[in-house]
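Listed after this line are the structures, all set down as structure tokens.
Common to both upcoming complexes is subunit A, partnered first by subunit B, then by subunit C.
Take a look at the complex of A and B:
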């Protein structure tokens, strides 16, 4: 059995779903950030896979590298925010940070 | 002087006092000295112009006579209101319009000078008398409007305009009598004067309307001409008599004739210069002037009525004046009595005498009033000095011996008293003599009730001399009854002395006639020829010779003209047409009788006047009889006189109280059922309507507002459930939303 585009997409979809699941269910903000990383990486897989099987050029790789760079930056900013949230609330539990409600 | 110049000057004379009124009312206290000098100055200008007009009018060449006027007057008329419709008058349609205008004849010219002279002097006198009053400026403003109204009565040539100014005079007199309205006496007196005058004015209005509906015009000359042409109201001379009586009702009110004389003595509550102006010289003379103005249209019966009223008035007032102790009350009743005299003179047909007495009386009575004002002023100051606020400064019983302290006041007062008593060399003698001669001639011609006129005339002449000298003796002679008051009496200031001196000089004979024993040769009587009556045979039925054979020309036929063949020598036999302007035989007969009675009347009047003075001298100076003891002996009579014949009480009991009772009941009924009913009805309707709109408000307007509120609130409650604040919920929503969009678009 040859590994085709479908397999890559399937892996990416699984990764994406796991990312969403982590985002929706984990209460720890750091864990939620990790879910976001999974989602970004599933997108990377898609980009690279489509680049390999459909366009046959390096555009997808290029985008993937951009996304990785952005993810790094995003992780840095987001962790800084999480640190600030912890400073404010003595917790990073997303359940308890519901000040947006009112 | 040309008629145009005279008209212009007259209009100027009329409106100058109005200008003074407007100026003082508008600027008042902001003017220097509160405007008294301005008002007085304006009045002296008016006086100067009036003298110019009088000289100009009296020296004019006589115009041809027209009905009712010995010489056609200068007239200037304009249409005030044009109704743009026609009314049937005497069988034809004439335009319905109301005319106003001025007229100048000798009567007007002399009256202008009398009014503006007295008014100017009263202004001058008031500067001293009213000094320091709170409403000083307004006082002069009121004097201005009064003078304007009075001049308006004088100069008009339509009876409607006369009525308008007649009412204006009533108003300004109300304002002046009630000038010290914060005191109850003046407030009550001004009300009484106004209301009593209204009674007379109602009659006058009825008379005016009778004339207007008949002749379709208010102009004197047109009315006279129409009567002269034989047109009578409702086709009957009886109605002409009634119209004349009705118009005379106005004079009864204004000139304080019986039975409406009660207001004048009460009006003495006003400031004393006002009494001199209004209640001695001008306003009360308006009634006499009115009678003189309509004299040509008065029939014999109307004139007899007028003469009787005048005689009764002069007798009643003369008797009352004897028993009064308030100096102003004595003068007030004396005025009523003298006005009765004038009315009597006009009533008996002695036109010139009646009006001449008006002029001379205006001078000396104004002098007497101003003199009494001077005394009251001095008394008042003395009492003020003593801090005595209970003693009446006008009471004769507190005076005496004032002649040494107030020589000027005494001298002028004495001259005026001599004049009013009918002492030769004074003006009163001349005019009174003319009236008595007229009454004498009338009595002998008319007989019957006419005999009452000379008797009352001479009786009143004696009473006048008596009570006036009683006044002089009690005020100025003898010893002061209250030495404490007398010690602080001072002569009045120059502004008050000058009017007194001027008026006393005008009370001498030479002002009116150089012959001290006959006014007939003087300018005043000569310039007032009796107008020929336009009533023709409806005048007194006098004929030459014996009055008892008064077989007037009434029997002689269809014409109202001078048809009683040859009974007189002056008038030629009448041709056809406008002979009405020629002499009336009855008037000729009366004039002849007056001429014949002149000497005997003069001698009798001298006797009665000196008798009156002698009695006063004997009683009050020599004390031949004890006044108090005598008074006690005739106590009922004295009380009756000092209570003024109980007129006020009778009116109070029989007129005022029932009227007030009736009107209060009627008004109460009207108030309860009509006014209150209307108010309550409106209130009920309003309440019902507000109940309805309350319902609308509660259920419809509020319902809508509440519904939208609840609607929004309900959805808010529902929607807020989704806003948990948990970020993970939002993530789930986002995912679900994306999935939904995916389904929607693919």
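Take a look at the complex of A and C:
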């Protein structure tokens, strides 16, 4: 079976599910960020694959570039927040940061 | 099986396999290094989709930037006294069940849908020129906004991450 659009979409679907799983189950905030990166990558694969199989319409590529830009900005700000949380709580485990509950 | 197909299966296996390590490895450092191979595999898939500019951008931004940032995050938020930096998981069973249903639905949808796909795919000789032209014509406004967003994100990250004592000294 020759590789077509469906193959790329399937890889992206698996990557997306693994990202969601990492985001949902991990305690460590940095690991949750890695899950977000997996999700963004899977979305990018979809955009580029559709772009390729629509006779190389480059709109998908440009969308993917903006997604990469947003991912970089998100990672920088999120890690700054995580560092600040670590400074105040001595932990980055999402289940131990429950000051609002007490 | 053509060379393209073989390369696709190689990169797909690399991407999915290392993503599995990212999701299930108990060691944070192992997960971060597996993420490197996931990004490389995705860059390989971009090459197979003839997205040369995006493949290079993927390696430069993700591997060269975001992954280094994440590794710094791991190093700065764990006590390095213990060599094994591990992390626990919560809600393993419910999350797995829900994600399994989600993945099944996605696979069913993707494989059953009839996509509007062009039969003859033209080979392109490079996308960088056209991407550059479009960034400065059709997509000029998003391009400029993205520049401002990056500036704001850098300044915001520096503001948030600097120590609170210095803020008091400055004030």
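By definition in this document, the second predicted complex is superposed on the first by the 97 of 102 C-alpha atoms of A that agree within 3 Å, B and C clash if a C-alpha of one lies under 4 Å from a C-alpha of the other, contacts with A are read in each partner's own complex, and residues count from 1 in each chain.
Heads up, the rule we're going with is that a residue touches a chain if its C-beta (ideal position, glycine included) is under 8 Å from a C-beta of that chain, and two chains touch if they have at least 3 such contacts.
Quantities reported herein were computed from a predicted structural model and do not represent experimental measurements.
Trainee: Taking the superposition as given, does A:25 touch the first partner, subunit B, the second, subunit C, both, or neither?
Mentor: Both subunit B and subunit C are touched by A:25.
Trainee: After the superposition on A, what does A:8 contact: first (subunit B), second (subunit C), both or neither?
Mentor: The second partner, subunit C, only.
Trainee: More residues of subunit A are touched by which chain, subunit B or subunit C?
Mentor: Residues of subunit A touched, subunit B against subunit C: more for C.
Trainee: Take the contacts of subunit A with subunit B and those with subunit C, and give the residues found in both.
Mentor: Shared contact residues on subunit A (touching subunit B in one complex, subunit C in the other): 20, 24-25, 27, 95.
Trainee: Can you name the residues of subunit B that touch subunit A in the complex?
Mentor: Touching subunit A from subunit B are residues 723-728, 731-732, 735.
Trainee: Across the complex, what residues on subunit C touch subunit A?
Mentor: 2, 4-5, 8-9, 12, 15-16, 19-20, 22-23, 28, 31-32, 35, 38-39, 42, 45-46, 48-51, 53-54, 57-58, 61-62, 65-66, 69-70, 72-74, 76-78, 87-92, 95-96, 98-100, 102-103, 106-107, 110-111, 115-118, 121-122, 124, 127, 130-131, 134-135, 139, 142, 146, 149-150, 153-154, 156-158, 160-161, 163-164
Trainee: Touching residues of subunit A toward subunit C in the complex: what are they?
Mentor: 2-11, 13-22, 24-31, 33-35, 37-38, 41, 44-45, 48-49, 51-56, 58, 61-62, 64-66, 68-77, 79-84, 86-87, 92-93, 95
Trainee: What part of subunit A is in contact with subunit B in the complex they form?
Mentor: 20, 23-25, 27, 32, 94-95, 97-102
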